[in-house]
Structure formats: C-alpha cells, structure tokens
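Naming follows writing order (A, B, C, D and E), and every chain is counted from residue 1.
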C-alpha cells in the first residue's frame, strides 16, 4: 500500500527523527510513504479568515497532487495535519473558497476536496489496525507508563478534524497499548502547550507545559509522547524537564525492532 | 429605478400543502412572522397524496413558473401512508419532466412538519430564489414548434 | 399456420369456443387486421404471419362480456398485457381460451419502404412457418429482397422473450429476436442536455395530431372514459387552446399507465405520425426498475404494482434521474 | 352558478395593517358568482358572524368565502355560523390572508395583490362546492394510556373516575416512571415516593383501570372513537396470579450482576427482580439476558424457592388486541447521553454524576442508602459543584436547542437539601440564567441563596480536570467578577438535558401523531389545544409534549383526561364528510384505488349500471364513508378520474390552480 | 460611527461568525488558557463586535495572546466560535495598520538552536502580515 506523504518543513530539519522512524516503521508494517514532489510549507497555522485564499494554496497543491496519484495523503506533524485537513474541508464544503482557490490554481480539473487526509496515527488505526501492529511488535515496551500528549491541533475543532473524541481521545492510548506499554490518562493531554507564544513569552509557555508534565507525572507517567515538533520543543525546552518526551514514531520503531536499523 | 423594479421577474408559484403538517407549518411560519415572497400561493389539500400530476401540469399550462408540494415527513403522514405514495408518484413524474427537458428546479417536494415554520419559510425562500434564477417557464407552457 | 387453423376449427366445432379473435388478411399483403371469426367459413380470411403485430388482448375486455368463450391468439408479448388486464379485473380468464402463438418477430412495413422498396405486390418469407431470415418482395419494379431482421419493429429487437405468460395451449415455433438493449434509446436521451432533450421532444410531439390511435390501441389505456374525454378535470378534449395540451396528454397518459404498461410497443406501432411514444413509457419502466427494483408489468398477476407500493427508504423526488 | 358572499376580516390590525381590505372587497366583487362583499373589524366576533347571517338572508347567498386567519383557526366557527343562517356548512371556504399573507409580507401593495388572488381561488372553489353531510360512527367507551408514569397514572385515574374503562400500557415491570426515581420534589421538598405511591396504589386498585406492565404497544389501526391496538405483553416468566410478592426469589437469585435500571446503573440487581420496593404490580420479572436458567438451562433456583409455584420459564410474549375510543400518549422522558460532553469528565470520573443519579444517591433506597458519598471512594464530599445547562440550549450539534425547564429548580432543591443535611459541605452552582417561572419558584431559589448559603456563580464551566489525588479541578468563569475560576471539588453534578423517551418516535408513527425535530409530540395548537395531538382521538400528557415539572404534568394529565372523557361521553361521532366518492359510470373496476387505501374503505361490488341506456352488470368501487378519512390517495391512483374527493374535488383544485395562475 | 459599523461588518465577514447567536454563557472564557493574559476576555469579544466597538478590540493585547487552541470553538454551545473573532480582529490589525507584534530586530535574540521551523513559521503568521 502506498500513501502520498507530506512531511513538512520541520520534519526535514529539526525533527528528522520523527520522519525517519515513521518511514522505517511504515516499511516494517508493509506500507510506503511516498513523499509528494515540490511540497511547500503549509504555513504552520490554519488561516482562519474566510477571505484568505493565498495562504491556503500550498495545502491545495499538496492535496491535488495526492488526488492526481489517486492516493490518500498522510501527514505527521500536528500543525501540517491541522492546516491541510481544514483546507481540504474548505475545498470540499465552502463554495466561495473552492471557487476562488481554483481560480488561482488554474488546474486541469478543479480540486474539490476529493483527497482523504490521514494523520499517520489514523493510518495505524484505520488502515493497518492496532491489532496487526500488536502482532508485529518484537520489542514490547512492557512496563513503560506513557502519557499521550495530544495538544490542541490534532483534535480541534472536532467536527472538521474528525480525528477522535476531542475531550476524551483514545487513539494514542490504544497505540501505546499496541506497543505493549501502559497508557496513563491525565486531563491535560489535550490542553495547549503554548504553541507559537514560546517565541516571545517563554515563561507563559513554561507554566503551561509544567502543568501538563505535572499532571502526567502525577498520574504516574514516566514519559510523554507527541506527534508535534513544536509540542516537543515546548515540553522539552520550556518545562522543568521532569519527563522525557518522545515522538510517537520513535517508540513505534523501537517496538517494531527497526530503531537500530535507522540509527545505522 | 422604479422601471427596473417593474422589470424584475416575479414568478408564479403554486405550493400544494397537506393540511396536517405543511399547511400548519406554513401557518406557524406566518404566526412567527417568518417571511417569504408573495409569489408563493398555497393550495390546501388533505394530504400530499391528493396531488394529482394533472394539477401540476395544469398549473404549468396556465403559466405557473414553479410548483412545490409539501407533506408530512415520511413516517409521519396523518393518513399513515399518503406521503409514501406521493413520494413515488412525484419521483417518477419529476424524472419524466427532466427527461423531456423541463428544468429540474421547477418542481420540488419538501417534507415540512407542523413544527417546522422555520423550514417552511426557508424552503419557500430558497424555491423562489431558484425559480427566479431559472426565469420564466417557457418550456412547459409551449412545446410545439412555432411556424 | 395450418396447424393453428385446424386446431381452431376443431375448437369451434366441438363448441369449446364460440368465436375466435385473430387476424384477417387486409387489402395489402402487409396490413392484416384484428377480427372475430365465428364459423369455419369465416376462417378462410384468417391469417397469422410476420405482419400480425396487433396485440389482441385489449379486445378481450369486450369479448369478456359476450356469451360463451372466445378463443384468442396471443403472441408472447401480448400475454403480459392479458395478465395485466386480469390483474385489473378487466378481462375474465374463464371467458378466454388462449392459444399462445409462436413469434419470430413482427415486421414494420415502413422499414421495408424506407429501404426504397416501393410498389409492393406481394411478400413472401413473412410466413410464421418460415425461417424468418429473408423477405422476398415482389414489386411493380421487380423482385426485391430484404433481411427479416432489418424489417422488424423496434420492439422486437428488444423483445422481452418468447415465453408465454399465460395460455391454454401453445401452437407454433418462436425465434429469439432480441439483439438490443431495451433502455439504450432512453439512456441516450437522458444523456442529452436539457436543451437537447427539449428540442427532441418538441420536434416529436409537435407532430401529434391528437388522433388518439395510441390511446385506442393501448391495452393499459382501457378506461371506459378517458380523463381527456370527461369533465372530471375540466380537461375534456377540445380544440387545443394552447399547444401545451399535447404534452399534457402524453405525459399524463404515460403516467396513468406507469407501472401497468408492459412495453408492448403498440402505441409507437400505430402512430400515424411515427412519434416514438414508447420512449415515455420506457422511461418510467427504467426509472421504476432503478428506483424500486426490477418490475415487469404483466409477468406476475399477484405482484404489487410499483405505484401502489412503497418502502420507508424510497428515494426522494428529484434525487436521481 | 352560486351566489357567493365574500367577507374580508381586518383581524384588528393583524390583516388590515398590511392588506388593503377595502381594495380586496372592491376587486373580489368583480369575480363571477360574487354577489356580495364586505369587510369588518373582526369577522369571528358575534357581530361579524351576524353580518354573514344577514347577508345570507338578504342576498340569498349560497356560498361563503371568508378572507381571514387560517382555516385551522376559524373554519369551524364560520361553518357553524353559515349553518345557523340556513346554508350547508360545507359551502364555506376560507382564504387565509393572515398567516399566509399579512403576517409574512411587509409591502402593502404586494400583500393586497396576493390577498385578492387567494380570495379569488377560494371563490373559484366555492363555485364548485356542493353541500355535504357528515356521517356518524360509534365510539368505543374505553381509553388507552401509553406510559405509566405520573402523567399516565393521573390521566388514567381521572378518566376512570369519570366512569370509563382505561388500560395503562407500561414498558417497564412497574408503573411509577421517573417520579418514582426522585427523592424529593420542588418547591416544597416533600418526599416523592410519599405522594406518588398512593396514586400508584389507587390506579392499581381502581376497578375501571387495567394495568399492563412490561408491555408495549405493537400496532395501532383505526381512527378516533374506534382504534384497534395490539399490545405485546412481554414474557415475565412469573405467573402474575400466583406470585405473592414475597421477594425470596430475588434474595436467592445467584445472578446479581445486572445493572439496576432504577438506580441508573449505579449498583446491581438480581436477574429476577422488581425495580423497586413499592413496585406495582409487586411481581418480579426475569431478565432473560442475565438469568442463568434461561441462558444455560442450569440453575432454576428461583423456581425451587418459590412456594407459590409462580415461576414459569416457558412463558412466551402474548399479544392482546383491544379496541379503544381514545389514546393518551404519556411516554415521558430520559436524560440525554453525555458522551458528547467529555470536557466535564463524566465518563472519566465516577464522581462526576448527573442530577438524576444524585437523586438516587440521596434516596434511602439508592445505591448509598441515602448517604451523600463519592462513588469512587465512598468518602463524604466537602465541596460540590453543580453545572447547569449541560446539553440544553445548545445550537451546535451536540445538545438540544431547548431549555429543559426543570434543571434550575431541581438544582436549587439539591443544593438546599445538601446544605440542610450536611451544613459543612460547600455547594457551588455555575449557571447561565436561573429560570424560575412558577408559583413559589423564585422564592424557593432565593431561599437556597439567602438561607442556605449556596454559592451561585453566573458563568459556565469549561472543563473538569480530575486530579491524581482524586479531586476534581473545575475550571470555570465568573462573568460578574470577570475572573476565571479554578476550584477543587469532590463531586460534580451535571444538569443534563432531558429528551423524550426513545420509544416515542415509534409510537408517534403508529398513531400518525406528528412529532417535532426534537422528538416531542406536536400539539394541535400551541396555545389553544395544548393537550390534543393533531390526530383526532390522540391526546398528550406530560413531558412527551415538552419539558415540564410535576405540577404541570399533573395539570396536563388532568386536562388530557377531560378531553378523553368529553370524547367517550359521546355515543356517536360525526365523521368528516370530505370522503372519496366514485362515479360509477366511469369506474373501470380495476382495484387500483383499493390497493392504496390505508383504511380498507374501498370495496368492489358487481352492480347493474345504466350507462346512458346501456344496462350491464359491472364491477364498480364503493366507498365506506365511515371508514374513509379523506386522504385522497385513491383519487390519484385512479386513471379515469372516476374516484374523486368531496370537498377537495379535482375540479375544485383545478379551479384554484387556474385562479392562482390567472 | 459609520466606520465602526463597517469595521464590525468586516470582522463578521472575515470570521464568518454571527455574534447574535451568543447566549452569554461564558464557556469560551471558562475554557481559555490565555484568559488571565487578556484585557478583553473571549466572551467580551462577541459583545464588543455586537456593539461595534472595534477600536477597543484592535488595541487590545488579547489578540496577541490567543493561542488558537480552539478550545472555545470546540466547546461553544451556540456555535459562535469566539476564537475566530479574535483572529479576525488580529487580521484587521496586521492588514490595515501594518502593525507587527514581532519586529525583525527582535528575532535574533529570541532564537535558540533547538527552535523548530514550525515555531518561526507559526509566529510569523500570527504576529506579522
């Protein structure tokens, strides 16, 4: 099975490991992430203004390329996923945006939201299946107590993201269970890490991250996992650093026994 | 300016409403002051199944630009099954009208309950808008080649 | 045909039947017409060949009122109409003795003429006992030939099958003639733009002279009094005030027979203006099949007709088609 | 040609402010058949009706058109007036120029033009009207009440006291309904069971009331005065005649893992059970999903210990068919599922509960024997937070758009009861508005604040965050102080929205009673006929019609009962004369009409017909006008136009179409 | 005054929010993680737009404090989506006044070697035109 893959800027630089572990794990699980050509940065934040078109076009290009190939589009970074998924929803359901974006794009065939956007975790849950992953695990992470950190962008707004129950999600917990570890459920897993404010307001980001880490460790977590490089940065840099934070793919690669391979 | 207003196309629209749900829905739209264009004129029938295709064609023959039939929601017919028959009849009739080249939007069926004044008004606004965009009904009024 | 005639004679002779409903030779070799035969003597004019396209089932409505039994010759497709009439209590099965006659496809004289064959004196090869391969036509300009299939009515190319749905006995062989898809023509129109559709039907229906031939021949159009002849809808037939009336007439006629029309094709066969009227009925049949499941009127007397039936999940008007 | 009089009503300014009534009068006079036209302030008034009578007498009118409000409002009034003045009531037609004209249009010229057209259509119709005479049908003197909660019980008692037989059909093993689950009631704080149980006993003991518990309505046919209903009596596996209600079977039953419906699943019950101690009938049922004997064939303990020999594992569902003159729907409500409100951590913490669950916790027969304690660890709470409007007043797709009406009051009740019994417990209520319309209601709420020191905060809660130590961190806002609040609580109580009981949709469909988008049954008129369904003979009692509290429910139950009694008191009903009528000369005898008739009103007979001199026996349709309800399905099924509907004939409707399109 | 009405219209248009739907429950403000940093609170944005006091909104520091975490959007029982109003007000500022919350000169000292590109991109989008 092949998927179109949108890595995004950070996964090619600061968050390389998130990317390489994902590809290695995909291979081990029998699917391939085919990076789309000439992708452009998604912009990091979804342009909320209903009259903003230009800032949505990079997503439309990626979506259209996947459509041309007849593939589903897989994303990894929470921000990219949020932006692309929402732009796709606009293209599908908002007449005005679709018309104007297509006027800009001048494609052979107008794009109208035909592509399915999947987050890597959704591929694992809905295409591969956590049961199957469980079978493929060679190094079960037995005994590890892991707090899943979702953040905001993957889940909200739930009517568009349609990723999981926004207030009581389960996908990462099921993922953790599939890897043989024990999920720790704590109420701050869908609270914001501070996001972009950490550039100018480090202290505020720090206090928000500390709340998250405190809650997770209070419930007995000994590590956190995330799918987002910015969350990763904030949790690492702007918290007291009591808990190690890993990318979801790193743990997956480890459990599947392909982590060493990547290191080589 | 007033000339332009006069020129504005005001369609003739006949709405058949079943007595139990849709006519009551229209009354509710009225008592809630939910307006819709005066182009719509309602004919009360006991049930949507009372609407004979003959009535619809007659309306078009006499110059109507759009015909809409409103009945109880499927499952809620006052006579248990009337709207089911109406649904089949109208499905086939509308499909045939489309087949002979009559614009699809000129006919419509909508299920409106007695509690749906808002829906009634919204539906009528939408329908009038649609008919205005389609313009005057010429296809059904006159089929024969002139000359 | 000899087998058929001798059997008929026998049934008349032993008083099993009081009269026979069949076809009598016309003034031309290609225009036999429906007729009653009451004596052996009458039967000398009896004919059954490729030109006997007329569906006799409708005549049984009146025949059912007569004393005694009427023998009626029904082609396979006619038996659907007869069944439908039974379902609607219009004919009396007890009053009918049905001989299912074989059919090798019925011929359309206009198709022969369209091939440039004129001044026809006689035609051979149309006999029911023949192979139905080639027609030999003796004309004022010499002998011409024509392939049987090329001279067949449109309806025979999309034949429902040569099985009789109801009969007392079957006489004569049939030959499968179906080589086309019944709904191709309809699909072609459906694929047109609204403007093209309109232009197509405007052109066809403009030819209508309201002669009512279609109505009179149609076995489903068997009302004692047509709505267009009564004052029930203030729609009594009269000089056309507006030209809309043809359309109204044909749409309503098609609607009234929807779910009841067996697609016997008689309406198109008899139309003096050559309007393909079956295209209305077939559109309804196609829609009914698509929306509510396959249904063939006249195949099963006990089946619920599509317009007197429903399901909770039926599609909504305007949704498809 | 008719002699038609047209009467245009001003309806005060309701019509006259937007429609130029004088102009309508002037223009309608030009219509064929119109010999008289006038306008008046209020046509429906005594004086207005008198004007009609005078015109009928003086001008010899044969038909009447009243341009006024909806025919659903005053058609009957004007028909009666016409009848009194000596013409057939069905010679009256209404042009609806209020609801469908003056109230929805603003431009006077446009509205006037439309009013004239509507009047013209009505005149065109009346020109073709014919006098009609209603038939009669007999009334079955027995009522059915669907639902055995306080609404159903009260309706049944009131009907029975008037001397008519009543059957109550209740889906659960006991009557009592939601009220039996409540601990106390507002605004008096008396014990719910203490006031409900006597009513349950009265109903059970009443010689005119017959109770089918553990039963459901399966099929309804017929019409007002003559309904036929199939009731499914589900297999109880206990013989109701033999059982003494001793309760030994429930004690001995080894399967005690079934969640107790009565206690909202907060504790378990045995497989053989009565829902609660005061259940009526006091006869248990066996829950087939949990009974070891019914599932595996082994066990049979209850049978062994039952001295009365009442256990019968072979019992089957039973269908009872009964005739009724009237049906009352009293199906009640349930609280909504909270799976879309996980920000309040209902599914994550046992200490976040609904108010109805709190009722059970506060109740002596509840899972904690009436002690206020946390379900997670059994500790006594010190701080309790109540959150209002959970799922009510929501226009997103998660909740209900309506106000559930009872939550403000029961929350005040809960707060007060807790502060009264446990004065050291702090109670905080987050509210959007406190709605207390009702006698002594606001006083009640104020007592909670002023006398009981309940802390009311105007603002909502955004999220409830369970803490590692088991506390609940409540993050909310105080809109008056303009402060975000984070407070710790031991328990959070959610005022979850209420919604109609889920079975109501099915029942409404069977009864052809209409239902709104929220599944509440629709009343015939929101103000003037609040306890009647638009379907004749079907009445509404309690929350199935809309949110209401106990006093309102009881009041409505009584009102519904009066309507039923008023109906059952009649021996015969006049039937709608607008029935189908075949023209025998045109009938083909094809039976198509009979195939679409929902009432089986059409039959066929062989009849000697004289068709313009031709005499023959024909198979022709005949309509039983007592059965025909006048839907008109047959008229369209009939290809020849032989079948027509009186009062809505083909020619009348065509005339209306022509008048509108002219 | 006319400009105020125009500004309010513009905000309504950019955000696609209908402030009339608000029932003033405050759940947005109850959910907001930046509440304490804001001078004008999320629920107040709705009424400010309703009262066409856009001047106060564009001068508010709240527009730079919103994290776009969508908690208010997710939980609003009336589908008002106050977060979109805040962003629209921010848009007005960066579009019309060319004002930046982030100056080019500031950036070097804010950088640290671990900063992911994503952070810079997002911050640019949120703070600058």
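Everything below uses one rule, namely that a residue touches a chain if its C-beta (ideal position, glycine included) is under 8 Å from a C-beta of that chain, and two chains touch if they have at least 3 such contacts.
Source: prediction; values computed, not measured.
K.L.:
What is the shortest path, in steps, from chain B to chain E when you may only step between chains that touch?
P.N.:
Tracing touching chains, the least step count from chain B to chain E comes to 2.
K.L.:
Taking touch as defined above, what minimum step count separates chain A and chain E?
P.N.:
Steps on the shortest route: 1.
K.L.:
Using the touch definition from the top, list the chains contacting both chain A and chain B.
P.N.:
Where chain A and chain B share a partner, that partner set is D.
K.L.:
For the pairs B-C and A-D, output the one whose chains share more C-beta pairs in contact.
P.N.:
Contact tally favours B-C.
K.L.:
Relative to chain E, which chain's C-alpha centre is the most remote?
P.N.:
Farthest chain from chain E, going by C-alpha centroids: C.
K.L.:
Using only Cα atoms to place each chain's centre, name the chain farthest from chain D.
P.N.:
When every chain centre is compared against chain D, the largest gap points to C.
K.L.:
Measuring from the mean C-alpha position of chain D to the mean C-alpha position of chain E, what distance in angstrom results?
P.N.:
Computed value for the inter-centroid distance: 46 Å.
K.L.:
Chain C to chain D: how many Å between their CA centres?
P.N.:
Using C-alpha averages as centres, the distance is 54 Å.
K.L.:
Measuring from the mean C-alpha position of chain B to the mean C-alpha position of chain D, what distance in angstrom results?
P.N.:
Roughly 30 Å, centre to centre.
K.L.:
How far is the middle of chain C from the middle of chain E, if each middle is the mean of its Cα atoms, in Å?
P.N.:
Using C-alpha averages as centres, the distance is 74 Å.
K.L.:
Scan chain C for residues touching two or more other chains and write them down.
P.N.:
In chain C, residues 227, 233, 235, 307-308 touch at least two other chains, as defined above.
K.L.:
Going by the contact rule already set, what residues in chain D reach two or more other chains?
P.N.:
Within chain D, the residues that touch at least two other chains are 343, 463, 596, 637, 650, 654.
K.L.:
Two-or-more-chain contact residues of chain A, please, as numbers and ranges.
P.N.:
Where chain A meets two or more other chains at a single residue, that happens at 166-167.
K.L.:
Pairwise, which chains touch?
P.N.:
Result for touching pairs of chains: A-D, A-E, B-C, B-D, C-D, D-E.
K.L.:
What part of chain B is in contact with chain C in the complex they form?
P.N.:
Contact set of chain B toward chain C: 52-54, 57-58, 60-61, 74-75, 81, 84-85, 87-104, 107-109, 139-145.
K.L.:
Note which residues of chain A are touching chain D in the complex, please.
P.N.:
159, 165-168, 185-188, 215, 218-220
K.L.:
Would you tell me which residues of chain D are touching chain E in their complex?
P.N.:
My answer: residues 343, 389, 393-396, 398-399, 432, 458-463, 475-477, 479, 482, 484.
K.L.:
Tell me, which parts of chain D touch chain A in their complex?
P.N.:
Against chain A, chain D makes touches at 339, 341-343, 345, 347-348, 397, 463-469, 473.
K.L.:
Write out the stretch or stretches of chain C touching chain B in their complex.
P.N.:
186, 189-190, 192, 194-203, 205-206, 227, 233, 235, 242-248, 251-252, 254-255, 258, 280, 283-284, 287-288, 291-292, 306-312, 314-321
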